[in-house]
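Multiple structures follow.
You will see subunit A twice below: alongside subunit B first, and alongside subunit C after that.
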Partner chain A sequence: EHPKMSGSQVKGVSTGTTILAVKYRGGVIIGSDSRASIGGDYVVSKVVNKLIQVHDRIFCCIAGSLADAQAVTKMAKFQLSFLSIQMESPPLVKAAASVLKELCYRNKEELQAGFITAGWDKKKGPQVYTVSLGGMLVSQPFTIAGSGSTYIYGYVDAKYKPDMSREECMQFATNALALAMGRDNVSGGIIHLVVITEDKAEHVIVPGNKLPKFHDE
Partner chain B sequence: LSAYDLSASTFSPDGRVFQVEYAMKAVENSSTAIGIRCKDGIVFGVEKLVLSKLYEEGSNKRIFNIDRHVGMAVAGLLADARSLAEVAREEASNFRSNYGHDIPLKHLSDRVAMYVHAYTLYSAVRPFGCSFILGSYDEDDGPQLYMVDPSGISYGYWGCAIGKAKQAAKTEIEKLQVTTHNVLKSLIISLSPFSPFRIYIVHDEVKDKAFELELSWVGEVTKGRHELVPKDIKEEAEKYAKESLEEEEDSDDDNE
Partner chain C sequence: VDMALSNVLELPASGFNFENSARNAVLEDVLGDGKTKTPKPMKTGTTIAGVVYKDGVVLGADTRATSSEVVADKMCAKIHYIAPNIYCCGAGTAADTEKTTDLLSSNLTIFSMNSSRNPRVIMAVSILQDMLFRYHGQIGAFLILGGVDFTGSHLYSVGPYGSVNEVPYLAMGSGDHAAMGILEDGFKPRLELDEAKTLVCSAIHAGIMSDLGSGSNVDLCVITRQGVDYIRPYQESEFKDQRQGRYKYKPGTTPILRENVEPVEVEVMQETVQKMDTA
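Up next, the complex of A and B:
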């Protein structure tokens, strides 16, 4: 009984997880749960932060093998830091997503990690990209991933609107994550959110006892 | 000169690397190439000296496409320039492969300049005997123009000339306020030092016989793609150039 990770089997510590990123008017919100588990039986950590900063205004959230994800994001962070110094300007969100994609695609035999990259850059403003397990790169207005995401496709499809305000978007993201965490046994803990705009990247935490409650809670 | 000029790995007592200076001589002896950065694009012009009537028209091009949005005009040893164009193409292509977007021109010119510089460090190789001008246009950064010389330095320019008539060309370019012109206007009015017009001024009728003019542009008018200037526009520009040249000569005559 290994946790199902988008249909594949993961060894070792994995982030049975729920992650998402949503574009709104003027920024993006990227969010995740905080549970890390082995085999769906034992919770290794209740407070993992799955939102990794790869540059000033660019964050990634990770799904799959935690070890693989950490190795890849570390490499991406280095490459982006080097690039931004050489080019004397912050990297494009597209460039960050591309770097992750190259790492995932070129090493697909060894790796089992997927990412959502979201951020803000001067050229195109707020953006969201998905890099899947095998190295596919796709840009979307919002995206959800991880084992818990399967339970909330209906919710996000029904409730997403383009050009939301920051508050509307926060509520949307929090609700989506809470619903997934409520049904997926390998997602849970607290909600981590990062709100990225031109001015700053703000980390918001919604503790377990402050999660939105629904009809049966 | 002395024992200090035999290899690129030797400094002279006064701190010069003669091999690099000799490489620059190769550029100075070549026919002229110019680049102009206007308000909405870049124009390149190259004076291509035709050594034999038997050559097919358009052979030995001196303007290269490096990427969709980047062009390169060269002066100096053409074979050296060709291999550098290939280096630039690989850099631009690898960048797009890794980062998913067009390479910014400053970054490309820094990378190629680093490559050129590497060949000035060792006695086992010789420096590249060519300078080149890179130009690009995109909606966000606008028009950009950079020049790289055999020593491996790159410079950003508003207007730039390399080759035998570079001084005369630069003087002509300085006379124009290029930053206020758009690309079409530049082509038709001034393409200066180099433009179809002026090139007739800087072209030495006695020493150099026949020449072909290679013209290319990239800007808003080409939607960011680097292309050779279409034949009809080129001919119109040449006609205008010749006419304005004659007018100048006439007014010069009047002044005498």
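Up next, the complex of A and C:
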């Protein structure tokens, strides 16, 4: 008999969360909220960083059990660093996503964590991949995940355009996260964004009082 | 051909075996809708807190250890030594926090000897994280790790499942809600030493007042680049009472009826002398 594996039954600190990644013209923006909670009623940390750098131009954002996610990304960081030494070149974004997928799929009974991997590589440029709870790996132009994502499917489906400029994409990501944080009780805090291009990975923070406000706020 | 007999006792594999926790979980589900619960291990109701200030880190803890409703230890030490520049407050299962911090301290001492360096705080945190994750939360250690190394002052929270968070201020234990309120209200970046000590002491005091599992005195530990100031106790309990009676019995309380002395006869069987080679 397997123990029930629903998102609300994560043991320990959980990042009930909203995370997303969006490809734009020349790069990719990956973003998250910053709340970590226990059992849906106590906020353990208001300033958790859910955007983990696994290589120079590859980031992943985490959802689910914080302990599981940190353990998996630690392992992935090591494997990718080793891989880049063996191959004498930076790893492909797909390779990073694959590493996470292998870890999630092989240990699916024990782990409760999902990831979005995004980055830039020489072969295919900017890319976005989702690795879900059970280890499914899918490539998409943009993706949202976490408990808060359910509230913004409509918004992102309506507002996404391929080949946006950097500013349009930043606004899109910020708005989506702010809307989700406004409705989901286990998402909140500040917005963390990382803009990844060929040249650099730039970390942008939108503090709580600078979040976009909508009609009833 | 060697054939193991089916009734020969199988030696258990070394290391921890968590088969029973899975069995317990299934039993709890199956038996009587939550009326039957597995027995719980003894915990120290606790308030621990930490704050990063201008020149380092201040850690604080209460000193009460409880065994259900009885105070088992009024002056227990919850701030554990990890390295000359790193200390750790522990909440949760008393035995687990004690042993985990001991293990960590031993490992880091060996590292220091091998590399001639003081360990970095992030190293201590990584080792703890790896170990606690491996045990899937079965080790009930809720830790606040604080220290100063050449990269700066750091304060980390480590949960029993292996989750790690770096924060400027923190409270844990059964009294954490009360302490957190004080910290949220009083914390500012780059506090002075006295402000930081007062803040942590008030936070622990709030835990002592509002939580039944926390009590007695407040211990503080101040860690800076220059060294460590372990103040035990920093603030004593206002509720110390005077014992009304004495538990020592006067000699002669129990009458001696009869005394009999018998020497023990020792027979020397063999005597050997081995010279120590002091060349």
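Operating definition for what follows: the second predicted complex is superposed on the first by the 209 of 217 C-alpha atoms of A that agree within 3 Å, B and C clash if a C-alpha of one lies under 4 Å from a C-alpha of the other, contacts with A are read in each partner's own complex, and residues count from 1 in each chain.
In the analysis below, a residue touches a chain if its C-beta (ideal position, glycine included) is under 8 Å from a C-beta of that chain, and two chains touch if they have at least 3 such contacts.
On a predicted model such as this, the values are computed, not experimentally measured, just so you know.
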Clash-or-fit label for the pair subunit B, subunit C on subunit A: fit
Partner chain(s) touched by A:Val47 [first = subunit B, second = subunit C, both, neither]: second
First (subunit B), second (subunit C), both or neither touched by A:Cys104: neither
First (subunit B), second (subunit C), both or neither touched by A:Leu133: neither
First (subunit B), second (subunit C), both or neither touched by A:Gln86: first
First, second, both or neither for A:Ala71, with subunit B first and subunit C second: second
Smallest separation of CA atoms, subunit C relative to subunit B, angstrom: 23
Interface residues of subunit A shared between complexes with subunit B and subunit C: none
Contacting residues of subunit C [partner subunit A, same complex]: 25-26, 129-130, 132-133, 136-137, 157, 159-165, 167
Subunit A - residues contacting subunit C, complex: 1, 3, 11-13, 36, 44-45, 47-48, 65-68, 70-71, 74, 110
Residue ranges of subunit A in contact with subunit B within the complex: 83, 86-88, 91-92, 94-95, 97-99, 101-102, 122-123, 137
For the subunit B and subunit A complex, residues of the former touching the latter: 97-101, 104, 106-107, 110, 140
